[in-house]
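Once you've had a glance at the structure underneath, I'll fire off some questions.
First chain written, first letter: the chains are A, B, C, D and E, and each begins at residue 1.
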Amino acid sequence: MSLLSLHRVTASYGASQALFGVDLEIAPGQAVAMMGRNGMGKTTTVHCICRMLPAQGTLVFDGHDLSRLPSHKAARLGIGLVPEGRRCFRDLTVSENLIAAARPGHWDAARVEALFPRLGERRRQRAASLSGGEQQMLAIGRALMTNPRLLILDEATEGLAPTVRQEIWAAIAALKAESGMAMLVIDKSLKELRGACDRAVILERGRSVWSGAMAALTEEVCETHLGL
Amino acid sequence: MAEPVLATHGLSKAFGALQASDGISIDLRPGEIHAIIGPNGAGKSTLIAQICGALAPDAGRVEFLGRDVTRESTEARAARGLARTFQTSALAMEDTVLQNALLGALGASGRPWRFFARADRDASLRARAEAALEAVGLADLAELRTAELSHGQRRQLEVAVALTLAPKAFVMDEPMAGLGQEGSKRLTGFLDGLRAQAPILLVEHDMDAVFALADRISVLVYGKVIATGSVEEIRRDPQVRDAYLGEEA
Amino acid sequence: MSRESWLNTALLLALVAVPGWALWADEPFTITLATRAVIFALAAVGLNIALGMGGLVSLGHAVFFGIGGYAMGILASHAQTYTALMEWPFVIEGTKSMPVIWLVAVAASSCAALVIGLLSLRTSGVYFIMITLAFGQMMYFFAISWPAYGGEDGLSIYVRNGFPGLNTLVPIQFYGICLVWLCIALLLYARLMRSPFGLALNAARQVPARVRAVGLDPRRLQLVALVISGGITGLAGALFADLNRFVSPSMLSWQMSGEIMVFVIIGGVARLFGPVAGAGFYVLLEHLLGGVSEFWQIFLGLFLLAVVLFGKGGLVGMIAGRRGNG
Amino acid sequence: QAEVKVGLITTLSGGGASLGIDTRDGFLLAMDAAGRDDVEVIVEDDQRKPDVAVQIADKMIQSDKVDILTGIVWSNLAMAVVPAATAQGKFYLSTNAAPAQLAGKGCNPNYFSVSYQNDNLHEAAGAYAKSEGYTKPFIMAPNYPAGHDSLNGFKRFYGGELAGEVFTQLGQTDYAAELAQIRASGADSIFFFLPGGMGISFLKQYADSGIELPVMGPAFSFDQAILQAVGDAALGVKNGSNWSKDLDVPANAAFVSAFEEKYGRLPSLYAAYGYDTANLMLSALDKAEPSDADAFRAALKAADFDSVRGKFSFDTNNHPIQDIYIREVIKEGDIYTNKIVATAIEDRSSAYVADCPMQ
Amino acid sequence: MSPILLAEQVLNGLQSGVMLFLMAAGLTLIFGVMGLINLAHGSLYMVGAFAAAAVAGLTGSFLLALVAALAAAAAAGALVELLVIRRLYAKDHLDQVLATFALILIFSEGTRWLFGSFPLYLDIPEALSGTVTLPGGIAYPAYRLALIGVGIAVALGLWWLNARTRLGIRIRAGENDREMIAALGVDISKLYTLVFALGAALAGLAGALVGAIQSVQVGMGEPVLILAFVVIVIGGIGSIKGALIGALLVGLTDTLGGVLLPELFKLFTDPASAAASGSAFASMAIYILMAAVLIWRPTGLFGARA
């Protein structure tokens, strides 16, 4: 049984339609990569899952129909979001950012700080004054604080130094291995995605045009759909 | 060796106990792409803010085209021909893509005090704006509202606005961030050609791009330049590998 | 033509048709009412330049409105009593001539806008709202307790000022003057909106950092916008004083600032005819509801609430839809 | 079709509404009693805003074609309306506001104040202070024209030395600083003019301050409507007034009982002025049409009506000549009210008669 | 002026500052925390005062009156949030200004419709009437001392709520990015209703407490509203500490300005016109203070740097 299942999902921003039929299945513990060129609807799909944008079609999470739930209820079912562009709470300190999201479970502030020691060092600093990479770590840590069953990472390594990026990919791998957390990962680095994910979906102009095991993602597929 | 277009001398800036810039001296020479890399929080954006005038340094000087501009405002430096892109897009979201580009062209023309003419009918402004959009591949989206662009498209527009200024030097803070692989490749090719127009000070975490583009690389760690050199030199530098590159060397 | 242009044309035609209707229906007072609406609209067009284009939420526009009013009141009262305004170092006489009064009103209110702008533009957002309010309150309390020109009692000008070739006491003729001014201001607004200055100002409201990065000074743009805005509102103040043949500190009160802002918001911020629709709607509503019940302001409140909650972009937005680009 | 139209502009909404409502109710009480269907009264709310008052006056003159205007409570609104209305040949009968300008240089043959001249009630307090032998009164009023007139009025009839003279801010609600000043000044009495909520606040804070000096003021702060909100704090205060509900005049007794019967509350000053104004107008209408301005003016000037204040006649500036009394705040059962304790000035006209060109 | 009188006036200034803080506290909470410009705050203040006056009139108990004020204002606040304010968060400040301006009209005239146009009676409780003698021989009203106590308690409570509780942190997070805090599983709507009701209750409490020494009448809220805005802007929006210090500054400026400026002018002119012109400047004093503070520090004394 799949943890998250999207079937023929469509969505629009006002009058302009952005999704024209997206299918997506994520099994518990599975990591799925979502790929596609700029503006193809990856983030839009994420917004539909997190109920930040109304969507039509079937959206089921763990047996619950998502399509009628408000955002916070979806999150409480166990969907954790690391949003595109970080969106840390600017005026809150690092530790307040973490506290704001906290829900009981495995992950707490101490564990997050152990995962990203730099956050521990900047505990009392306002999020707005963090460097880009620090903010990104904070956004991941904040999503972990909700103890999700599905972690959505929308461009989570954007703007990070190679070393940090490697750290984050390592953290992602560790998360997957240890806690069996399912993941939906959006990233531009094909190489890293290949290592971290079991399956992949490719979006093009608001449609899922390809999906399958990571292994099946051949050069040709990449060339036709991702322009590589 | 040609005179540097842009140079800093001992720039220092502290935020409380944190020394974000610690005596940074770098320069940018004609025709080159000088990449600044370094771990997150090393002080790259802070350096750019000081170069562009958004932040006043505690000590040190910024020289542009052979003049000390340390005390000049952002707008004065821009008017002298220093163009920047922002790490997080700073665009007029309610306006169209074209209007954003027109704004750049208007800034470059230095004549905003016209109250009765029509901005979008001004041939020279328009030509400049459209050329820039064309260059980054946004020409088709010119009439779209900027808020409707995807994240990656906004990054492209960010570069386009800088282009309209036809500057003497570019300062770019992570222009690749948010671009897909295809987009990064295109932008890499584009920047490669751009250096003929004006040199580029490039802050970037995309090592593929940096290694492909940079004539020189400076590595910033904890506010200090720990190494400057060619791509090869930097790749080989054990200190840099340790602090920044990791396996990507 | 877009729906908004149709709406604008209809509004303009309605304004031109008012006097005809008033004569036909034998309701001469309608003209005075319409004059009031037109003058408020003019003040609001002024505010719309600062507010809509420049994003400067000024809760102190009554200062400019009031200065315009007092320019008229002071000049006319001196002319009325045949006393000089100033005898040293040179003599300045009062006047009952509208064009001179307008000139003085616009000059004085623009100067005030310049000074207030220089001091206030250091702040932004809610702080800007409050600092403009502060300047408004200073002027208000000053006017109340400053005895020379009537204090709280204000100044009564018994006869409306004159305009060469017109009899301004005839409501239609005075209405004509006001309507012409409104049209001029609207034209100015329309041109400004599309001009290079408008483009830059628009961006300065949204992303000042970007404007700076292209080499323009957002604060200077906003200052100029505020000066133009203040001048127009000041002109409206002079006309308003002439309509009532009276000025008092109530023209300087924060409620007045609030009302001008309400006109803009209910009409539609940054819409060309927003202030016209807003002022017209408000004046009409006030007039019609006033007779309904002693508690008519409850209904006024409900109407305003409905406009905010169910209309996007004010009345103009409700009818004409979202703003087109360019 | 009514032959005479009367426009009553007064404050019916917002903070000052109680004054306007009483004005209107008093006026309409007299109109109802007269039962004349040839006189139509149009009532409109001025919201206490001068520009709205002007607009209503314009409407009444232009569209409703009224002959007579009346009803304004506040001086600043009167200054906005009266000069323009009289300039257009309309009659204005004031039910309350009577600023100095309109009594002196700016007097007008078509403008009649039926209430008083603004200074009168303060003058009464001044006269009373003198007769009581106070030597160091502390006087205060808000810093606006009516406040200045008030203190000048007091000083005009008191004439002695002051312990202090303070102008408070218009709309001020906290008087701790003034109370401290009073305590330190060694005053032997207090005179204040603080209309509306300001007076309520002052009296409550005064009662709680531990200062125990005789207090005087004009009637406005001790009016029927306000007293109930002040409560015990007002007891014993002396106030100058040209009317009181216990004034021993037959017309007054009839008025008070009729008002109470119709509206279920005691009348206030404003109601009394409204009532008198209507009766004055009716008496003149019996003799002449407003369209015959000269005859109507003469009929008004004769003041041939039964005033609830007893003696009533007009001086050359069309302001009343009347007795002005001192009242004391008392408690009658559960109700706080006033009773007359002295006559402060007899046959008082106004200080500005000499400036008025009409002689 | 004797030193003892001056000391007393300083005390008066401080006390009026605390009173102002009481009024401003709820506004800071709503304004600073939720980012909402609530012009109807003054109306909720009025609702509290009227509820208190009505209940005090019926029961004669000041304590019950206070409870009623809190309850009525909180209920009115919650209702307003659910019906109106809720739809405004996504809109810009201007729509909030207009909508809450409309609420003022509805509240004011609605209250007048219910209670009539005449001011109501609300007096201080027997136990707190009269004066207490302070060191230095200053006779000071006991009720005002109690007000100071309440003001300080409210300040501490609010600071604690905002800075130290998870509720406070989440509310502030919501101010930065509502959509994001909801996506993290926080029911921000319910939270905001709660905050609004709390802010309203504080306004109601202030209305009842201050109403007892001032006048309870329609329109009592608006002058207070302006002053409260002045206070929180001087202090820096969103800062409880700022609101307290801003309130004290405004209280001192207002009181001492009113007392000292006429004295100062007496050095130049005769007493009557000195009193007049001194008072004229005094009435502008707090606005001059506010403008000066903002020119010097564009985001108030303790506001976050923009």
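Basically, contacts are C-beta pairs under 8 Å (C-beta built on N, C-alpha and C of every residue); 3 or more make two chains touch, one makes a residue touch a chain.
It should be emphasised that the depicted structure is a prediction, and the values quoted were computed from it without experimental measurement.
Fewest steps needed to get from subunit A to subunit D, stepping only to touching chains, is 2.
Here the spacing of subunit A and subunit E, counted between their Cα centres, is 44 Å.
Taking each chain's centre as the mean of its C-alpha atoms, subunit A lies 29 Å from subunit B. Averaged Cα coordinates give subunit C a centre that lies 36 Å from the centre of subunit D.
Within subunit E, the positions touching two or more other chains are listed as 108-109, 112, 276, 279-280, 283. In subunit C, the residues that touch at least two other chains are 141, 144-145, 147, 295-297. Looking at subunit A, no residue sits in touch with two or more other chains.
Touching chain pairs in this entry, ordered by label, are A-B, A-E, B-C, C-D, C-E, D-E. Residues 15, 37-42, 45, 87-88, 148-153, 174, 177-184, 205, 207, 243-248 of subunit B touch subunit A in their complex.
Every residue of subunit C that touches subunit B in the complex is listed here, in rising order: 188, 191-192, 194-200, 202-203, 206-207, 209-217, 221, 224, 325-326. Chain contact summary for the complex, subunit E toward subunit C: residues 31, 37, 84, 87-88, 91, 93-95, 97-99, 101-106, 108-110, 112-113, 226, 229-230, 233, 237, 276-277, 279-280, 283-284, 287-288, 290-291, 294-295, 298-300, 303, 306. Residues 52, 54, 73-76, 78-79, 83-84, 86, 90-96, 99-100, 102-104, 106-108, 110-120, 122, 125, 143, 145, 161, 164-165 of subunit B touch subunit C in their complex.
For subunit A in complex with subunit E, the residues that touch the partner chain are 50-52, 70-72, 74-76, 80-81, 83, 87, 89-92, 96-97, 99-103, 142-143, 146.
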